[in-house]
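First chain written, first letter: the chains are A, B, C, D and E, and each begins at residue 1.
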Amino acid sequence: MTTHPPAPAVRVAGLHQRFGTAHGDVHALSGIDLDIAPGAFVSLIGPSGCGKSTLLRCIADLVQPTAGSVEVGGRSAHEARLAHHYGIAFQQAGLLEWRTVQRNVELPLELHGVGRRERAERARQLLGLVGLSDVARMRPSELSGGMQQRVAIARSLAEEPPLLLMDEPFGALDEMTRERLQAELLAIRARTGTTVVFVTHSISEAVFLSTQVVVMSARPGRVVRVVDVDLPDRAEATREDPAFFAAITDVREALRGGTARTPALGGEDR
Amino acid sequence: GSADQETSSGGAGGSGGSGGTPVKLQLQWVTQGQFAGYFAAVDQGFYREEGLDVQILEGGSDIVPQTVLAQGQADYAIAWVPKALASREQGAAITNVAQVFQRSGTLQVSFASAGITDVAGLRGKKVGNWGFGNEYELFAAMTAAGLDPSSDVVLVQQQFDMLGLLQGDIDAAQAMTYNEYAQLLEATNPETGEQYTAGDFTVLDWNEVGTAMLQDAVWASTDRLADTAYQEQTVKFLKGSIRGWAFARDNPEQARDIVVAQGSTLGASHQLWQVNEVNKLVWPAAGGAGLIDEAAWQRTVQIARDTRNAEGQTVITTEPDDAAWTNDHVQRALDELSADGVDVTGTGFSPRTVTLEPGGA
Amino acid sequence: MTRGNRLQVLLPPVLVGVSALLLWQLVVVAGRIATFVLPSPTAIASALGTVAGDVAQAAVATGTTAVTGLVAGSCAGVLAAVLAARFRLLDEVLSPLSAAANAMPIIALAPVFNAMFGSTSPVPRRLVVAVAVFFPLFVNTARGLRRIDPVHADLMRSLAVSGWTVTRYVRLPGAVPFVFTGLRLASSLSVIAAVVAEYFGGRQDGLGSRITSAASATAYPRAWSYVLGAVALGLLFYLAALLLERLLSPTLRRTR
Amino acid sequence: MTELLATARAERAAPVPGAPAGRLATALRRGAMALVGVAVLVLVWELYRALGPVQGVQVGGERLLPRADPRSMPGVVEVLRTLGRPEVSLPGSRTVGVAVLAAAGGTLLMAAGGWVLGSVVGIGLAVLMQRFRLVERGLLPYVVLSQTVPVIAIAPLVAGWGGRLQLTPALSWQPWMSVVVLSAYLAFCPVAVGMLRGLHATTGIARELFRSFAATGRQTLLGLRFPASLPFLAPALRLAAAQAVVGAIVAEISTGTRGGIGRLVLQYAQQATSAPGRLYAAILGAALLGLLASALVASLVAVLGVLVHRSGGPR
Amino acid sequence: MTTHPPAPAVRVAGLHQRFGTAHGDVHALSGIDLDIAPGAFVSLIGPSGCGKSTLLRCIADLVQPTAGSVEVGGRSAHEARLAHHYGIAFQQAGLLEWRTVQRNVELPLELHGVGRRERAERARQLLGLVGLSDVARMRPSELSGGMQQRVAIARSLAEEPPLLLMDEPFGALDEMTRERLQAELLAIRARTGTTVVFVTHSISEAVFLSTQVVVMSARPGRVVRVVDVDLPDRAEATREDPAFFAAITDVREALRGGTARTPALGGEDR
């Protein structure tokens, strides 16, 4: 009997994604191979329109890849979704206008049969975490852009899923709030050992948070390089750590290489 | 009153309520003087005396009485002969057991000033009719007069009222003697401020033109007529009905009141006119009310077979079989009634002169 | 639209239609239902065979009424909605009136229009159709016009345009899907209105008078042939509305 | 794609539904404006009667403006007077006005039945069509086309087959039930179409969100599609109310069922030659009935909306 | 005769903004006073929900302030709007789905009567500027989040307005694209002398771009401090300039001071 390495949390192999539009096909992703170890914190970074959101949506089984396979937690992406294996926060908040803020956070719990008392308690706790306790009874449209995004983050955390998928979750947040939430996210991960796949366009954020940074090229999106980030722990001081800067430089260089052409101009496949 | 209340009370049609064999009679239109005999028979207890508990079902524009009968939802139906023959061709097993109206009540009316004195005069005119199968007498007459109904006249859909004629949209309009013709005479002539008179109009009467077709008849289920109990019941039903019609003949005012009490909203003088005109279609009946005159039947069948409407269709395509009509039951009814001293021929009948009030009031 | 795509769109309705016809035939034959109750599809088909030319002719007559009324009523409905969206006062006056007009059965309207315009004229029927289609277009268009993305409202305000320009550039394009929802409903409504309006007046040359004339002679297979004519006309109108929708709103495909 | 959110925001600008005073004022204002509309219509009618050409205006052989004679366009006063006259010139007869009111009440009941039945069927069909794309493709055209089959073609079927049903030993099929069924036949179409549109009117993000939760079809329906469809369902229900009234009236005439305004229209139409005012009175009744039905549904929807909103659910 | 100082490009005085919600009033802005000199580049920064967007919308005359006055270019905000005095890019892109990307950019020009040829030319040029030349004929929904935002930026620049209002315009962009567009924006400003009011939550972005950074406090939004940034010119090298870091520190401190309470919790006024 031989011991197997643990199954990867996410395994993407030979992934291609094309979209048909009125003006011909758009080749969004091309030959993506990616293994994400359990407990890893992986950031996707790359020029606007390179396919980060698309890749995340493939992992979440929200779009069917044109070619290639996606495995999540040792099963197909489809089964993983049905097993409530992940929580997701989208690039746009995607709150339901007819629910109050609190009931938006409760939504996944409600759908999965958690009792009224328990889910209210959990929602309150999560809203506290993202600093929105006092707007629990308001409607999404009464919140600012950043506040909406924080509600969406709270919602994605509601079930403490083994896998967290986050698409530029901190994009609309001020630096203070962002740093606070980064810390919270790291704390949650430390406590629960959850795997995180995180889309961002901030190099420093990617490096600060991640164990690996996946650098993607402009359309058709390919993985240019995977930068391993080896930092002892993540605290305020980390941001001054030379390893931190080294990793930033690595990522920046990989990005430059991958975007030698003008950003997001991937015209050759159209 | 709530809808169901009114329908059930209307549907009850004055059913005696006291035991008796339940019998349903399907009319071809809403309650009005046209059906005075049946309402009178219910009201006066003539059916009850025969041991029948008769419920009268009103008609509507899409209710086809003879198919209601053929589907077994009524025991008898009042229907015009040509339409009923058409249904027979489509498989409705029904038999004419009494020809209550011996004459046609349909006229084609025009203003005297239009000079349409004969059928040929319709050429090039706007000729109104209701459709609904009421147009074959008109078409037969036109065909006989050498007019092609689909090209020599403009056929116009006529409404329930006679405004089309009065307003000059229609040159010659269809009218029942007992209804629409009366409406004309109830209307005010804007030029004189007085009611119109019969002299203002010329009428084409199909009875005179020779294309009259048989109208209201009592139809029974052919299949059930094999059954003696139903035969007996039919005789009883016809006895009651003929007594009802005799009552309407002798007491038109009372018959009018009975109809009004059943919920007709036509005016009093109009209703009286209607009962009186309908009486003229029933009485006098040479061989007895309801007896089918073979000559009239043959003429009706002939026209129904030969006359083509605007689409080139005839009412029926083949000669109806023998089961289409029978005088057996009505004859028995007439005999029994005569024995009871009821006047079933109305030989001495003379219609009233009804004065129509403005608006039929 | 690719070929497979077209098949995907066309096949299900055809399948449903064919199986419905089969079921109908089965019920009539197995249930020994008399023709005067419900004619079988085959009986209707054979009747249709003999009167096909007449059905077509009658459909043209009715179709003319329907088209005229549909165009007039739709234009009026959209126009009224545009005006109502611009002037609140007009909206408050028009909305209940159009609701009342919509609730007016044709059966009540036709005699009135016939009296007013003359029962031999084609105008009353067209008016009946116009009134019948007015409401769905008015309501749907008004709805679409009122729904404006707040960001778009801000944008237009920032560009210092208002009123008609906003209507033209944002509200109307945004309302296009709604207009077409209304038009889809109206397309079939216009046919039925034209058919029914014929029961009350005008020349006896359309589907409505043929249906009644056949039905009153219990010639149900023939009556249903004309009903089929009406359905086909309705389908034609519906497809025309869909086609127009596709032509005028290329972005609709993705938002459905 | 942002459509749904957009409405939600746009509608936020309207007065908060919670404020009762505001709602009352709006209702009053609406009522007043409806009356203004009627007044304008009456005024135009009367002005045309007074000033319009008696034979109307013909252009190219077709009359484009109506005749202004009293038979074609009876005066409003005349119609109102008719309401007060007895229906039949016999002692004890009710007035035309009472007859119209009673008939309107009767039709309202039958139309309500048709509306409920039609709405249930329409919503059911919409849900089915949304759940199964194939069903939508196969059925939707027929839902719309069903409305081109005139009542005359189906009335004999409904009345005929209904007449054979024995619902319970004590209750047999009543004629008014045929009216309800025929009324539902006209009412279900707008509900099915509107509701289906509403069920589809979710944003892509929201749909993906529910997909990410592995929500079941039922959960997506109840938690997402239903709330999203409410803004579409409300007007569809109002359209259906109007259609139900039309259907009930047509069915009454078709089947000769008593107790409703359709039957009254039929009767009064036969008297229109000499008393055109009566027909107009009945038509007025029909119009008011339609308005009442729409208004009832509108208030029902509003009340439900407020209740749901209070509970923190969809508005 | 005395010479007056030039009229400020924007003058906000005593501005208050309250929103009525179902659960009581929200006090979004409180006593804002602000003078912006012609040609200035002013960034608004502050915690999420502090009222940055609201302040920008007041300047754009898109909301009526509850109290206080706003002057733009020496006239009322209302008149300025009618005079097409500013261009604006919103936090959400707000593109019209029924127009192609190019025609979305053309919209302001079309509305203000610019001829077909000229506006097509200008739109092409602007799309080149934001790196989207090849998607000119696509529909907005076919673009990624960042691409949509760039279209919105191009649209706001279309008329070369004297005043540019931008609400987190680079929020959804990757760092490369962001830096490129920052440079473009500075170049445009240098060329045309336009005044810019810019909402961002990136301190470094604010400092790199601005002549003044307005730091706001959590709700109810107040101006905590206006940090003057005195940098000779803005180039890559600027980001290593000590003055740059000093300004960043200033802003960061002002922000900390203003957010001593938990971020965005301004519960006292509810």
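We adopt the following convention: contacts are C-beta pairs under 8 Å (C-beta built on N, C-alpha and C of every residue); 3 or more make two chains touch, one makes a residue touch a chain.
Quick caveat, the model's predicted, so the values are computed rather than measured.
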item: Neighbouring chains common to chain A and chain C, by label; value: D, E
item: Reference chain A; chain at largest CA-centroid distance; value: B
item: Between chain B and chain E, centroid-to-centroid distance (C-alpha), Å; value: 85
item: CA centroid of chain A to CA centroid of chain E, Å; value: 28
item: Distance from chain D to chain B - Cα centre to Cα centre, in angstrom; value: 37
item: Multi-chain contact residues (two or more partners), chain D; value: 1-2, 9, 67, 71-72, 151-152, 156, 160, 253, 269, 272, 276, 279
item: Where chain E touches two or more other chains at once, by residue number; value: 22, 92, 97, 139, 141
item: Multi-chain contact sites of chain B, meaning residues that touch two or more partners; value: 62, 64, 67, 71, 159-161, 163, 167
item: Residue ranges of chain B in contact with chain D within the complex; value: 1-8, 10-11, 29-30, 58-64, 67-68, 71-73, 159-163, 166-167, 179-180, 183-184, 186-188, 190, 257, 260, 263-269, 357-361
item: In the complex, chain E residues that touch chain C; value: 57, 60-62, 81-84, 86-88, 90, 92-94, 96-99, 107-108, 111-112, 139, 141, 165
item: Contact footprint of chain D on chain C as seen in their complex; value: 8-9, 11-13, 15-17, 20, 37-38, 89, 92-94, 96-97, 99-109, 111-112, 115-118, 121-123, 135-136, 139-140, 143, 146-153, 181, 184-185, 187-189, 191-192, 195-196, 208, 211-212, 215, 223-224, 227, 230-231, 233-235, 238, 255-256
item: Residue ranges of chain E in contact with chain A within the complex; value: 19, 21-23, 26, 45-50, 53, 91-92, 131-134, 137-139, 142-147, 150, 168, 171-178, 180, 201-203, 252, 255-256, 259, 262-267, 270
item: Of chain C, residues touching chain E in the complex; value: 149, 151-152, 154-155, 157-161, 165, 169-170, 173-174, 176, 249, 251, 254-255
